[in-house]
């Protein structure tokens, strides 16, 4: 996918299909959560759970937009493309594109705004340099 | 809630809480889905499953925006306020406000755009009059 | 239900229905978890989360048997009957019966064996007297 | 795993972890459902959804026993070993062993009894020869 440096794959499970024979809406949020988790660990080589345990950084979802183009179906292999498009003082904007394996037309386009928080107080926190620098390097944002 | 004629209540389940002790993101989509289902049946007195079985009407989510203000927690009783704000030819725009029982500050604001479809072909379909008229009456849109 | 002093109610959600139009298996476990949670809080008047935070007691599922008699369906109101049938040194055996509101034939019979653990070490622990006495009194086991 | 001819792998998702930092109970049922689905398609080379659409065969869970030995954790890669141990007139008994990748001590042992049903009437049905023969061959039961 043009402009993306990371993707992860998931396979749709029977438990995620509703009576209309398509993925129930809420599971797309879980798929994107897998996408952002893998983006940190496998793409950025940062471990958010460890950063949280050390009190350095955690992030929460502040706002999201999902634009559904098609329905995912049982046993579909889905590619979840993920990139950070901007970093503010304490927020990070991430774009997702979800496609079915072997296809280019998207199933879903999404934009998520995450806020950097202090893991103990849960208050917003400037994005720490360790995270900011790593993302800028990975995404060639700087 | 000013301007809303319908709400439904849900209680947060242990199974929905993540390791940060708050509701995991995807479950908010399930809560809003309960909201819209109850809005049809208890508010509008329409049964979407029955309309679908009769081949008259079904609806799918085309686009949504979620704006998270606070986190819901274990055993919270949540009010899900729901209203249709506009009806186009084949789309309907719904607003949700989620609050914790006894509080007025929202947990979540959301806007969902649903598309009216033919239940058999899954192609978009003008919103049938039975649905359009019922919503306009309920929401005093006309 | 003969021999039971506690029940809680849940309503089946659209998100829990699979393509066969019945509740997907895993959700029955969630329903029973709601049953045991409500049994502690509303029946026994004990708060397991608080007992865990205080380091006194927590419990984990060691073994369970589920015997499915019927399928639950969309919008069913389910009664979850729950009782402790025996307390060992560090284990507690709980029986569940699930029925549809207004019916007596069960949907599901289940037996769960929970083990009392130390919340910090996660090692098994004799069932504390505060819990044992409360259950024996509630169930008239002694 | 001695005596098993099939396994499938899953990775634990963040959405499946509860506040105790372990997999919430109900998700084990989903994992085993993935196990049996993959056993049919990749092991037995049978497609249960297709057999159901053709009106030949479907199966539902009648009874299950789960014996938890350890907790699965975030990002664990789990092996789900699956085999049919007996086939009756209209029932099939399946055993599962779940292990963490690289370990031999089980996380979970389970036995599931499935009943063969007519997909249209949902009534029990003798296990069709196409399924019985395929399982006997695969498991070398005969």
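In this document, chain identifiers A, B, C and D correspond to the written order of the chains, with residue numbering beginning at 1 in each.
FYI, a contact is a pair of C-beta atoms (placed from the backbone, for glycine too) under 8 Å apart; a residue touches a chain by one contact, two chains touch by 3 or more.
Bear in mind that the values here come from a model prediction, so they are computed numbers and not experimental data.
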Taking shared numbers over all numbers used, above half giving same and below half different, the chain A and chain D interface sides are same
Per mean C-alpha coordinates, the chain lying farthest from chain A is C
Whole-Å distance, C-alpha centre of chain C to that of chain D, is 24
Chain-centre distance (mean CA atoms) for chain A and chain D, in whole Å, is 31
Whole-Å distance, C-alpha centre of chain A to that of chain C, is 35
Check: chain B positions touching at least 2 other chains come out as 14-15, 24, 26, 30, 33, 74
Residue set of chain C touching chain B in the complex reads 13-15, 30, 33-34, 37, 49, 74
Within the complex, chain B is touched by chain A residues 20, 24-30, 33, 58, 60-68, 71
Listed in rising order, the residues of chain D that touch chain B in the complex are 14-15, 17-19, 21, 24, 26, 74
